[in-house]
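Two complexes, one shared chain (chain A), two partners (chain B, chain C).
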Partner chain A sequence: MRHGKLSPVLLRKYGFIASFLAVPLILYVVFVIWQYIQAFQISFTNSRGISPNFDYVGFDNFTRLFDDEVFWAAVRHHVVLLLAMPLITVAIALFFSFMLNLGGGQKNGKMTGVPGSAFYKIVFFFPQVLAVAIVGVLFQAILRPDKSGVINSALHAVGVDPVGWLISPGLALWTIIGVMVWQAVGFYVVLFSAGMSSIPRDVFEAAALDGAGRFVLFFRITLPLLWDTLQVGWVYLGIAAFDGFALVQVLSVDRGGPDNATTVLPLEIWRTAFTYSKYGVASAMGVALFFMTLTFAVLTLRVTRRERIEF
Partner chain B sequence: MTSTPREITRRQMIRRVGLTALVAVPAAGLLSSCATSGDTAAPSTAPSAAATSATNPFGVKADAPLEVVIFKGGYSDEYATQSHEPLYKAEFPKATIKHQGIQTISQTLTPRFASGDVPDVVNNSGTDNLDAGALIGAGQLLDLTPLFEAPSIDDPSKKVKDTLVPGTIESGLGGDPAKPYTLNYVYTAYGLWYDAKLFEKNGWTAPKTFEEFKTFAEAAKAKNIVPFAYAGKNASYYAYWMILISAAKIGGNEVLVNIDNLADNAWNHDAVKQAAAAWAEIGKYMDKSYEGLIHTEVQTQQNQGKIALYPSGSWLESEQSKDTPAGFEYAIAPTPSVTAADQMPYEAIRAAAGEGYVVPSKGKNATGGLEYLRVMLSKPAAKAFTEKTKSLTVVVGATEGLTLSPGLTSVVAAQNGAGQNVVTYSLFETWYKELETELRKQTNALMFGRISADEFASKMQAAADKTKADSSISKQSRSV
Partner chain C sequence: MPVASAEASTSRKQGRGRSVNVFGGLSHVALLIWAVLVIFPIVWTFLASFKTNTELFGDTPLALPHQFHWDAWGRAWAKAHIGLYLVNTIKVVAISTFLTMLFGSMAAYVLARYTFFGNKAIYLLFVSGLSFPVFLALAPLWLTMKNLGLLGTHTGVVLVYVAYSLPFTVFFLTAFFRTLPTSVGEAAMMDGCSHTRTFFQIMMPMAKPGLISITIFNVIGQWNQYLLPIVLLPGDAQDKWLITQGIANISTNAGYEADWAGLFAALSMAIIPVLIVYIIFQRQIQSGLTTGALK
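Moving on to the complex of A and B:
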């Protein structure tokens, strides 16, 4: 066999692989990558989306964003979301998955979860099965601001005045964050549970023999050995924090209100494109969002990089 | 209980029911719109160049297919499929009609406008309607002047424009210079809606001044009834309509015309501030929770007798028909007078032609589109519309032989009471969507006590100035 030429065997092998890759690759390029490229292109135009004719306007659309208070309100909300939502979700999910997998202490020399943990695992996953729109509609009823709301009627029963979960400007964004956390926790419980079950049990047992309590077990053993999974979860949640469109659209007062208190970039992109017919500006927002998300993902992976512990 | 997505879409239809002004002075705009430039007057792109005749004034090709897109909201689309389209087909038996009844007009049709493959008639309505100003700017809509100049189907000796309620054509003006691009088909009155039976039982009458409004509010409160409420979550524009109507009553229609024209300090006008202050006082009687409710939830409360006055338009009765309990009788009242020196009397109401229909200029059968609108403006078609939708049309005398509901009867009475005192409809709502979005936001802030009337005016003025300075927004203007 001579070097430098593909033998029929190799050719067939690579041809085989390529034929499998080609279709998804083409689909991805046509339906995903191409749209990104077009969004970049449109962000430099004054396109209104209803005519094939438009002019290039340079960075006009981007400079316009600098003076747009609604745009900055949305960006601020993403910062809050980015700080709060993943942190709360991961903390709750870690607590639950620890309790479900290791919280029951030792039984017959093995670490177990709290009683009924197999059942809880399934229950926690339920919200993940529901479409976001359904979650939104459910919470509409739960968070209704008058006495007929699920939470407010319970509060009313114990003599507390109805709380304007979504109508107090200071509370609304946190309410939305609460719903996002509620929806996300189940998935991360399952994810972290899977991560925990891949940690060799003898590590825990050895630590337990040395007298480590649950607290030490969690912070000194579980957390470090779960780092990779945690990192993945953090990136997922961070990207979710750049979305929030559906929940805000369904739940908030007048789509992003009151007084811009809950608006997010995807909602403003949608509004700018479909309500204001400013596809150029909307695409510029999209490009800004693209870079924010990208920066976040790269930073997270860089900052949280640690030496991997092999086991 | 009332928060299903279906009902959210039910409300979308109402959103655009009232599109534009029904100006009480008809003739001026018409004269100017006769002088159309040649490039838009004739649907030149149409390959359907059949000969014109008295019965076929636009020269529609008999076998040319017609594509109709109807907003399937509160009016549904049965009036089109069961009446208007069959009537068109009776004229052109060889033509096939492609019908589409949808809710997301903008999302569905925007790509089609961009690619040039457009339908022949579009019912541009709903929350997700197309930005008509942008379409006009891009030359995508047909000037409807030939339609209004064509002979009427009912009486060929009359022109179509002479069979319509005055102001209909002006209400569809757009572009610069203004031409009629939109046919607004539904006749709508705006005001405060109440249950006549409830008022009768309590010996109440609708308040005629804001002083009376406050006395009334205390009386209603004593009976555990909320005097006035609207849904802040998705219908804050119901409340800003009331503020704008009051502003027009105080200072005359020119206040609203100036707002539409983005005139300097139009929002800082005393009439706007006085109207906002008066309504903010009434807002204090509202529970904070109404900001988080949607319109159907609030309307249900009114049906249950928990709310006395509700701001809305004349579609309300048919929208609520399934939920209205027996013994509940809708009636409309004009907005109360604010000062003794108001320019318009208490009886003045806002009445407007709404629910727009447009003919895309680049459609394959644009002449057929015009003809379809001419069919819609015939009495049989208009009568069928009123029967199916319980709403009045702009066609004069099309309700002959129909028995009107209590609500529509009260609308007719209010109209007679108002006479020539008609508050004009604000065109900026469709012209400048950014400004409209800001107004929704600030209306909630005002009515739920977060800002004062002065702050309301200055914030709106800032938004109007921003719109005016934004070169990417094509400007429109009106004289009446």
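Moving on to the complex of A and C:
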């Protein structure tokens, strides 16, 4: 049936394949692939977008980035984000998901979570379905630097002076990290819970029979068996650490301030392109961001690779 | 995974001594604190929409509003155009999610089920899109949309949403279509069913669980988009704006004399529908958003 040279059957098959692939492929190539290719090309030009004429300037845009303090500030912020945000999020999420799935000890031969687990899982996940931009606006009011801010008002009630959460340069980035963690934890609680529920129950039962307490259950059994899920979570959070656009753009003072203390590369790309119309420089930043993300993903997968535990 | 909370609370007699109970108690406090941290800002925003500016900027932002006026909600809906932005967003997300799922599953089905020259290359082309940060494409995308005359139009936003949702949709659904049994489709073809009919009437219904997960994933992802709207729908197309950019704009333009209650009413309008939909479909939404990660 499949050997004829362009038999009607084959013709129909290829016609079908072509008709199903054409639209998605054209859309994708035109609006995605072609744009990425152009980005690499534009990064070597002095394009300012208004006129179609531009010159190739070699690596000028990239060397300019090397001398650009704001660019380096943004890169430093990504490093801080990359080190702190995944670590804090994963630690909190692991603790919660352990409590919610296994923390209740054994009951009727099954591992259970602490009472109210179902409720917590619903509540914790909620920030995940909110738009980051909405979360940014929401926290602006919560974090206001004077007594009218919700947190500062609560601090005032116990006699603490108002804290400039977003206006003090040393603190602002950490405040933003705090909001990121606030939004992300629920997702990873659910992700890790799914991972934990795929660990066979008899593993825990056997350990419990041997007298293992909660700490042993967590560090010696759950953590190693959850490694694959953890790795996925780490890569996701790492990629998120190279973003931060919506939150910083909406929440921080002066979009990346005070004094560039919270700026991130995506924000600089956006600003360079759409405020200063320097499309060449913006694309060069995009290329730099792409290679940073790629390096991170490859490194993480390499470093964290270990023997899969079959169960 | 389903946790029997009610029965667990009635009998917890197998505690292992006091240290475990203290630990259990502390960790329960931690869970409770996190729940409050999540719920409180949202409740506060809702209550703040009923307050006056003096109440909001007084010394007691934690107090309840004196009166429950819905004025601010009316102002946000009409004067701040939140109603318009909501309708725009529903329109754009409905059309683009539908097209994403249609084109995504068409491509994924062909890539998963047919052998032909270039299959692997096209699949890799789609999946490679997952490794590029969208910020890289920002400048050229804006120029392209401008040249095509699509800047400031919903058509442009829909096309871009669909295109940028395709990599993940195709990646996930290709894996999903591969797991479905081949026999049913083959039997249908034997009976003279065309390729197209086999896809729409037999394979699509069989793929329903995967399609639902990815639809949820795309709806939430596109609903929450902020970057693409502010790039593709600039200031001179304000009547085309979407909800996220509309609300961010009120907040950036708001000075101290601004309508703060209106801003909080606008925020509540954006949050409450999402909250209701989430509570109704929380199980599907949680699995829709996390299954993608676990593939």
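Everything that follows uses one rule, which is that the second predicted complex is superposed on the first by the 284 of 311 C-alpha atoms of A that agree within 3 Å, B and C clash if a C-alpha of one lies under 4 Å from a C-alpha of the other, contacts with A are read in each partner's own complex, and residues count from 1 in each chain.
The definition used in the following text is that contacts are C-beta pairs under 8 Å (C-beta built on N, C-alpha and C of every residue); 3 or more make two chains touch, one makes a residue touch a chain.
Computed from a prediction, not measured in an experiment: that's the story for all the values here.
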{"item": "Touching partner for A:Phe95 - first (chain B), second (chain C), both, neither", "value": "second"}
{"item": "Partner chain in contact with A:Ser153 - chain B first, chain C second, else both or neither", "value": "second"}
{"item": "Touched partner set for A:Phe219, first chain B, second chain C, both or neither", "value": "neither"}
{"item": "First (chain B), second (chain C), both or neither touched by A:Phe274", "value": "both"}
{"item": "If touched residues of chain A are counted for chain B and for chain C, the larger one", "value": "C"}
{"item": "Which superposed partner A:Val137 touches (first chain B, second chain C, both, neither)", "value": "both"}
{"item": "Partner chain in contact with A:Pro145 - chain B first, chain C second, else both or neither", "value": "first"}
{"item": "Partner chain(s) touched by A:Val129 [first = chain B, second = chain C, both, neither]", "value": "second"}
{"item": "Partner chain in contact with A:Phe20 - chain B first, chain C second, else both or neither", "value": "second"}
{"item": "First (chain B), second (chain C), both or neither touched by A:Gly257", "value": "first"}
{"item": "Residues of chain A at both interfaces, chain B in one complex, chain C in the other", "value": "49, 133, 137, 140-141, 148, 274"}
{"item": "Contact footprint of chain A on chain C as seen in their complex", "value": "1-5, 7-9, 11-12, 14-16, 20, 23-24, 27-28, 30-31, 34-35, 37-39, 41-42, 44-45, 48, 56-62, 103-104, 106-107, 109-111, 114, 116, 122, 125-126, 129, 131-133, 135-144, 146, 159-160, 162-164, 166-167, 170, 194-196, 199, 220, 223-227, 231, 243-245, 247-248, 250-252, 260, 263-264, 267, 270-271, 274-275, 278-279, 282, 285-287, 289-290, 293-294"}
{"item": "Touching residues (chain side chain A, partner chain C) in the complex", "value": "12-14, 16-17, 19-21, 23-25, 27-36, 38-39, 42, 47, 49, 92, 95-96, 99-101, 103-107, 112-134, 136-142, 147-150, 153-154, 156, 182, 185-187, 190-191, 193-195, 197, 213-214, 229, 232-233, 236, 242-243, 245-246, 249-250, 265-266, 269-270, 273-274, 279, 282-283, 286-287, 289-290, 293-294, 297"}
{"item": "Of chain A, residues touching chain B in the complex", "value": "46, 48-53, 133, 137, 140-141, 143-146, 148, 162, 164-167, 169, 253-254, 257-260, 271, 274-278, 280-281"}
{"item": "Of chain B, residues touching chain A in the complex", "value": "1, 3-5, 106-107, 110, 113-116, 128, 130-131, 134-135, 137-140, 232-234, 236, 287-289, 291-293, 433-434, 437, 440-441, 444-445, 448, 450, 472"}
